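Please find one structure pasted underneath; my questions will follow.
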């Protein structure tokens, strides 16, 4: 005998503990199985691209903080690089090193949040999440020392960084590197080989390599599929070509691979910071740039490897003090393109897990 | 280092296989006619030696007289990039969609449609993405106040 | 797919949580215990040095939010008198660009963080609210203030 | 027969041993009912406090520490707050069932304690089918959960309730089989007799596999992490009680932790020797054992991620059910082979069998492929 069943629509979000902000998914379920999914964006749209057209080049920097708010520094850096490229401004050596150090610190901080919330989505009741936040606190402390805020740093400036490192900064950072190393190892003990996590995450939400490239995925999502593509290596900006580091890649592009790639990237970031701290030269941190930058008419695209992927700024100038057009390439938005393909057929619990493994930030998706 | 390919050389190649597609060649970018966009894009994607498999970003710029849509292609295999531009008029803002070639165009074209009001023909789901469906106007246009 | 390694991973994880159970907790019980914040704290208020200010209004021009309202009149010695200087901290995003822009080092961020008010109207600071004589300025972009402020308490320096 | 006599055949005790508590007086029922209700409410409050505090410690936090000494009155404050809150009835709710569900969920939890002994003979009703009573009454809570999920008119609640039914129906079987091993060893269904039978050796030593199965299955039945699929804060946003508020929600909360008290007590009674123990008074021993089990439950909750619903089912049917069956058979054979008393060397044999069975079971255990083609 066949019982009559019918699919039903479940709205996941916009206010839901696991949607990492205000994302909404209209999932059509057949029992526990997701048969259709429609992502709905726009609950956090603030029109940053339009706002940027109304501000001076320097005044856009605080706006870029609010894109991916768990990784403000890399957004700052991408924007600043685009304007520098457009206006032909060079940056002092020391500032370049500071940029590298801060963006790698930021990457660790952002990955800690991603990994923590991924494991939280997997159901490990807040423990890994809070461990990760405890370590992130160290980095946030350092950022606080550096630029006086804990989340929205606005630290980069066109032609350098806002201020030099305080005297206590480098000793504290040197102390932090070995501490973080041991802690990453400890957290690998916590859940890396956990049988339940393996059963939940391995083979779940596979993003095939070709699809990943085709949808324009970037960052850990792309590298989790086994594509060795990292802007820091492929198109080195700042002084990344002076450091030795590896690009960790996954094997088959499942949730577990994305999680592992993030953890390995934290280790590599520590390597970069270690080298940069050794090499950092003394000197100026900001080149002589006028208060109101007037780049010549033209356009420039600059990209950096942010925590979620390739953060790019396409800045068009008409020669005035404000950008004519400032387009933001949001990696999270692009990564979500294949969300439906990856989730359909899995259960609702996998939906949460797969979505969590993207580690999106809604500020960046909706802008 | 991702090398930006010389626009003039690529333009030459495009001209050979698709004569009449190019309307203008600048130092950094190739401007093509809108109706040739899918052909040129397919050419760029499938030609050996170019192999642009990664569509990094799509931007639309409002230049008052016309809209310009900027495509930035990257080839992961050869690590080179190319900027392609297509223009459309303000009266009839529409361009062919590239979703069938690169799915990364999906959300970006929807976003451009939403904020700039350019319709992409052939897009499977041409709806507003960040604004709500009843919204009037397209905010990123320069004449939107 | 199967359960791999017969529960060894689970056992490992249990040891880690147990180790953390015995570890010292880093939580600061806020109203009773307070951490010393960074010297460069960007408090959501501005501190103003009346003597140094020339009334050039660069800060108002730089402010991305446009929250600085400044009205000047021409004084006797061909200088500007600052008649009105108001900051609506309710809209301030604490970016610090005004402080950096000030060509005469007359503007400072505040070294304060307990700035909650009961009404929005109280968030608008008039010029007398911001005088440097009454408020501690932060060392943000003003390294000369550094020595007046206590050293930041870092988590990394705490005992485990 | 070699080796000392380590288990006591419970039948021996049926007639003579004088209970420590006058179980036949008329006031016994009254007094014990009051004691039990107070005991459960106090235990639930202690359990909630411990849960919040210990899980906070595991997660590098401090936990509630403001209200009263060490934050102990936090739960009382929370309970008062819940009592004063408005009870919201959703528009789509089936009001009668919606109101009944918390009661149906909570009442059986108290009823179960009627058969738990705190001392020799110190129990409300020394039923000769004690374990059956526990299982039968304990399962009624599930109906309350399903009533809640169904009547709320909320899809999340419905999903949570469906998962709950599926989990409880599946896990009842390995749990009962694991309990059957104990029953076979003790030779009685009465909890009091089972405790008396553990006079020399608690059954965890004799029945490690049974303990493991009961612990895991118990966690799944009372939806503790890693099997808390019915609540799943990160997925179903509290599952079946999403729509509940105020005192009705508090009833669910009480029921949930009451079930935890029941399960801890059951494990402590059946496997850790109940009130048996040297030195301290018997009821204190029982409490200590309950808290040890509770601590382990909190510890697993703090560490482990959640399993998926099909994995939950697979674990019950493909892993625990065969193991429980084998365990029961082996126990039965042992009891038949040594009908008077088990020799000492049974203990290492049983441990070895456990290790081999668990390894073999894990080796053979395959999860279904997670993706369904649609």
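For clarity, chains are labelled A, B, C and D in written order, and residue numbers in each chain start from 1.
The definition used in the following text is that a contact is a pair of C-beta atoms (placed from the backbone, for glycine too) under 8 Å apart; a residue touches a chain by one contact, two chains touch by 3 or more.
Note that the coordinates shown come from a computational prediction; the quantities given were computed from them, not determined experimentally.
Participant: State the smallest step count from subunit A to subunit C, taking one step as a move to a touching chain.
Facilitator: When the steps are counted carefully, the minimum from subunit A to subunit C is 1.
Participant: Taking each chain's centre as the mean of its Cα atoms, which chain lies farthest from subunit A?
Facilitator: Relative to subunit A, the chain whose C-alpha centre sits farthest away is D.
Participant: Counting C-beta pairs in contact, does C-D beat A-B or the other way around?
Facilitator: Looking at C-D and A-B side by side, A-B shows more C-beta contacts.
Participant: So which chain ends up in the middle if you average the CA atoms?
Facilitator: Closest to the centre of all protein C-alpha atoms: chain A.
Participant: If you average the CA atoms of subunit B and of subunit C, how many Å lie between those two points?
Facilitator: Distance between chain centres, rounded to whole Å: 43 Å.
Participant: How many angstrom between the C-alpha centroids of subunit D and subunit C?
Facilitator: That gives a centre separation of 52 Å.
Participant: Could you grab the centroid distance between subunit B and subunit D? Build each centroid from C-alpha atoms only and quote it in angstrom.
Facilitator: 63
Participant: Whole-Å distance, subunit A centre to subunit B centre, using C-alpha means?
Facilitator: The separation of the two C-alpha centroids amounts to 26 Å.
Participant: Show the residues in subunit C shared as contacts by 2 or more other chains, in ascending order.
Facilitator: 1-3, 6-7, 10, 13, 16-17, 20, 26
Participant: Which residue numbers or ranges of subunit B touch two or more of the other chains?
Facilitator: There are none in subunit B.
Participant: Name the residues of subunit D that each touch 2 or more other chains.
Facilitator: As it turns out, subunit D has residues touching two or more other chains at 58-61, 302-304, 367, 370.
Participant: Got a list of which chains touch which?
Facilitator: Per the contact definition above, the touching pairs are A-B, A-C, A-D, C-D.
Participant: With touch defined as at the start, can you tell me which subunit D residues reach subunit A in the complex?
Facilitator: Answer in residue numbers: 55, 58-61, 155-156, 159, 162-163, 225-226, 228-229, 232-235, 237, 301-311, 367, 370-374.
Participant: In their shared complex, at which residues does subunit D touch subunit C?
Facilitator: Per the touch definition, subunit D meets subunit C at residues 54, 57-62, 65, 299-300, 302-304, 358-359, 362-363, 365-367, 369-370.
Participant: Where on subunit C does subunit D make contact in their complex?
Facilitator: 1-3, 6-7, 10, 13-14, 16-18, 20-21, 23, 25-27, 29
Participant: Mind pulling up the subunit C residues that touch subunit A in the complex?
Facilitator: 1-10, 12-13, 15-17, 19-20, 26, 37-42, 58, 62-64, 93-97, 100-101, 109, 138, 140-141, 143, 146, 151-152, 154-157
Participant: Write out the stretch or stretches of subunit A touching subunit C in their complex.
Facilitator: 55-56, 58-63, 127, 131, 134, 137-138, 141-142, 144-149, 152, 154, 157, 162-163, 166, 168, 172, 175-176, 179, 186-187, 189-199, 202-203, 291
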